[in-house]
Amino acid sequence: MSRLNIQLPGLNLKNPIMPASGCFGFGREYSQFYDLSKLGAIMIKATTVEPRFGNPTPRVAETSSGMLNAIGLQNPGLEKVVSNELPWLSQYDVPIIANVAGSLEEDYIEVAAEISKASNVHALELNISCPNVKTGGIAFGTIPEVARQLTRRVKEVSEVPVYVKLSPNVTNIVEMAKAVEDGGADGLTMINTLVGMRLDLKTGKPILANRTGGLSGPAIKPVALRMIYEVSQAVNIPIIGMGGIESAEEVIEFFYAGASAVAVGTANFVDPFVCPTIIEELPSLLDTLGYEHISECRGRSWQEHGQLAYHRA
Amino acid sequence: MIKKEICKIISQKEIAQDIFQLNVEADFVNEINAPGQFVHIRVAKALDPLLRRPISISSVDKRNSQFTMIYRKEGKGTTLLAEKGPGMLLDILGPLGNGFPVNEVKAGETALLVGGGIGVPPLYELSKQLTAKGVKVIHVLGFQTESAVFYEKEFLEYGDTYITTVDGSYGKKGYVTDVIKELDFDCLYTCGPTPMLKAIEKQYSHKKVFLSLEERMGCGVGACFACVCKTSNELDDVSYKKVCSDGPVFRAGEVLI
Amino acid sequence: MSRLNIQLPGLNLKNPIMPASGCFGFGREYSQFYDLSKLGAIMIKATTVEPRFGNPTPRVAETSSGMLNAIGLQNPGLEKVVSNELPWLSQYDVPIIANVAGSLEEDYIEVAAEISKASNVHALELNISCPNVKTGGIAFGTIPEVARQLTRRVKEVSEVPVYVKLSPNVTNIVEMAKAVEDGGADGLTMINTLVGMRLDLKTGKPILANRTGGLSGPAIKPVALRMIYEVSQAVNIPIIGMGGIESAEEVIEFFYAGASAVAVGTANFVDPFVCPTIIEELPSLLDTLGYEHISECRGRSWQEHGQLAYHRA
Amino acid sequence: MIKKEICKIISQKEIAQDIFQLNVEADFVNEINAPGQFVHIRVAKALDPLLRRPISISSVDKRNSQFTMIYRKEGKGTTLLAEKGPGMLLDILGPLGNGFPVNEVKAGETALLVGGGIGVPPLYELSKQLTAKGVKVIHVLGFQTESAVFYEKEFLEYGDTYITTVDGSYGKKGYVTDVIKELDFDCLYTCGPTPMLKAIEKQYSHKKVFLSLEERMGCGVGACFACVCKTSNELDDVSYKKVCSDGPVFRAGEVLI
């Protein structure tokens, strides 16, 4: 449908809907439910240099309209992702955004250099914001100068555009966004999870073995929208928005706030068909609201005509 | 093939204290391929509670396209589930996972089915299928107390059935492990609380044992890595199995519990 | 009930349950429903030097398991609070915690000095974290040094113990907590609301006239618990916890995390009887869980015996 | 006295497109003291949707301890409400606010009742009570389109009833303000969208007019300051009224709309 296509650095999206990293594995499971080529893109699970088992279980806990996770970046490691997962995904006509994680700057650089060579990887998503890894991770996501430098170094080695995933656990999200823009980021993805916790009523101890975890789902949507609203007015690079999206209406809400595309995370667990359903429902919603193309919705909350140059395909 | 289906509730009743038997109609019953598979239920249309609830399939009626679940009303989700009545609709994802391998025991052999509390239900369909194959089936079912006991009569139809209660208010006082010591069998199938599974695995490391595990789940289909456990037969420490899609039933020794 | 009494600086609480500031006005409305003397304490609406009308409407928007508000500290002003509201409240046997707000340091000092003289005001709650006022407010709550100094100045003039209300919209909540402890705070109250936003599907504009608002309710509970968990281990002053509480079970969860008392905000709107209901249900919940006194629950998530000296009456 | 009560649903039916009439039983009907008061409904036990929904009382049957509401199925909350059936329970807070002052018009005088869309329902009880007092009542009811029209017959029982639709598909094409220009009255009562209220207030600044306002609400009882509006007759700019507890009905000119 030509009413949904969006052009972003490195990404020629047939529609602006993609599953969020960590909520869709490497696509195999959801390929049982529908043709992955329907998706605008796929953000695959974080990849690190070495295989990781991640944190002990329990790794998830439910909260009101949300969930906590502390998976701990479990993944088969760079080599296997490149040799098994990406080739498997290449049977689908869908651009891959590779989520890159690590503990040290060198880890990020190694993964970025290597994974960006895969032919179906059209962009990287630099995960400087995972709250569930002990070293590195979170600091990269909260100190502007560190984030700027990491972005710059990764840009130097990446063969595809680099999006940086911002953590919402900061006092000043605009400052972080500007720092990574300054570091050369081609785009932003936001938000990652809020750090949260649940306690077990019987034992008094945290439900998650990792104690704290990342809060995702509808509960965090208002925070995501506010941050995208602030950041989209302050930077000149596009934002892929996420945080609690589970319907076509919410996609529009994220566009209004300033997003140029969106990712759907937790909602996949609630409804495995959520992405294709949203994609199907968007055109008639655009009709109802009186828009020709979804890009017309972008940034409406803060400007009359929320359409930027890089927008329309 | 996993399906997501809006299923009609045929009946629901409380069969023991806080234990509910729920019967629904679903096209996907034809896809159920082994006892011990489970479904993932969305209990509310609204976004709280958000996640689906995993519940085992306790018996299947393919002719009428129906299946039965038995669950304990415990937290938020199962409390809402318990309020539903006949005719109401339920969003169910299933069938999920890999169930008990019925072919691991031959006609004439003896299978021991050991269930603890809310781990009992999936053994019912298993018992039916083993009996149909000509396997001799013995059931050992453990509960907390008399008011929590359910399905004794139903299991008795298929074979000897020993009930234990922790407080001795019904059947034999104690744990299932006290009873099974005295019994002989070719293959053991079990589902229940982790300490029970651990004890059984340890006691019968030389025997053919299949265990059904429980773990907190996100997706239920293998995508989120919430429900992993380490495999025990590998040298590295990054190998894993997912309870939702590789399990919930594993051969004893296959994974670390 | 002697199983629920808690002794905190300035506060001899018959139970640790109190309505949160801004969610209970000055008590008049809820006095139609039950005897306010049942409450452990009452945190009254923020008071500023001058009367304030607050923000234009709409001032509230619903979110999944939460709500946004941008009331903007509407209140009748210091003089009327002291001459009308506090005397009216004095008919009840319940300690008042006066929420003190302002734009400038001098405002806080003026309100604190005056309001702390009222005989039923047993403690102040320094609101350095309201996200809905344009000047001052939020900065006080995000810069440790500013918060420390404000706390110190207010302590100098206050005739009753001073609790400081922390904002969750910071990168490092422990640093903020330590700063105000160092400034002389007698206790902490946390958390205030997370900054969030909702957009109107039809207009594309923010639902709230103020654009952004403060997110409260069950949605934020995991964030509140995590922050209380972190802060309670790092400071030596007690915490009054809040954020999404709506049941006795959750009160226990907040104690486990490290709170010494709790406040209930948004839930009053959902159920006007929520506070007395929780107070009634706590004893039997303590029975079920095997505790003699609620103070035994405190800090269980991080220590075997979560009981500190100031705890038991 | 405001009560929080778990009320039983007696009946619910769709009386026009997406317009539902809901009849419940409640002890607090005895506390209802004026047409135009409202209730605050919790539509779900779970925490999403979280806030209560304000809905006007459209008629009262004190003898049977019942009252009726009419609402439009619109967003999340009213959609869930529309799914409920007879016998189900509903957590309702009420009666809330101050309604239309029936005593502002005397027997023999004429009252004009002007409703727009989902602002029509509270006028029904008002019409009943005014008629009972011997007041002559004229109704002017505006809707979007034919399928949205409801209660024409019911209103006709009490007095002349003019219907307008924006698209002209039923009654007179246009707005209520087009019709009321031609009518004579002693007192005007109105409830509906803000632009309509503004137009009426402006047109009849010399007349006795009562308006029922709508505002997004938190508590519904006056505690949260969500629903305030500025008063117009004061010199300072901090005076206010709360729609939930001072209103929803105000005398024209009392507050800025």
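As written, the chains take the letters A, B, C and D, and residue 1 is the first residue of each chain.
Keep in mind that, in the parts below, contacts are C-beta pairs under 8 Å (C-beta built on N, C-alpha and C of every residue); 3 or more make two chains touch, one makes a residue touch a chain.
As the structure is a computational prediction, the values presented were derived from the model and not from experiment.
*Asks:* Given the two chain pairs C-D and A-D, which is bridged by the higher number of C-beta pairs in contact?
*Replies:* Result of the comparison of C-D and A-D: C-D.
*Asks:* Please indicate which chain is farthest from chain C, where distance is taken between mean Cα coordinates of the chains.
*Replies:* Most distant chain from chain C: B.
*Asks:* Averaged over CA atoms, how far is the centre of chain B from the centre of chain D? Could you give it in whole Å?
*Replies:* Centres of chain B and chain D (C-alpha means) sit 53 Å apart.
*Asks:* Can you give the whole-Å distance between the Cα centres of chain A and chain B?
*Replies:* Comparing mean C-alpha positions, chain B is 36 Å from chain A.
*Asks:* Could you grab the centroid distance between chain A and chain D? Build each centroid from C-alpha atoms only and quote it in angstrom.
*Replies:* About 45 Å separates the centre of chain A from that of chain D.
*Asks:* Residue numbers in chain A touching 2 or more other chains?
*Replies:* In chain A, the residues touching two or more other chains are 63-66, 217-218.
*Asks:* Where in chain B do residues touch at least two different other chains?
*Replies:* 47-49, 76
*Asks:* Among line, ring, star, complete and other, which best matches the way these chains touch?
*Replies:* Complete.
*Asks:* Applying the document's contact rule, which stretches of chain A touch chain B when the two form their complex?
*Replies:* Contact set of chain A toward chain B: 22-25, 28-30, 32-33, 45, 51-54, 57-67, 69, 71, 74, 76-77, 217-218, 246, 266, 268-273.
*Asks:* For chain C, which residues are in contact with chain A within the complex?
*Replies:* Chain C reaches chain A through residues 63-66, 68, 142, 169-171, 194-199, 201-202, 204-206, 211-212, 215, 217-223, 225-226, 229, 244, 249, 252-253, 256-257, 289, 297, 300-301.
*Asks:* So in the complex, which bits of chain D are touching chain B?
*Replies:* Answer in residue numbers: 44-49, 76, 80.
*Asks:* Using the touch definition up top, name the residues of chain D that touch chain A in the complex.
*Replies:* Residues of chain D touching chain A: 47-48.
*Asks:* Can you name the residues of chain C that touch chain B in the complex?
*Replies:* Residues in contact with chain B: 64-65, 218.
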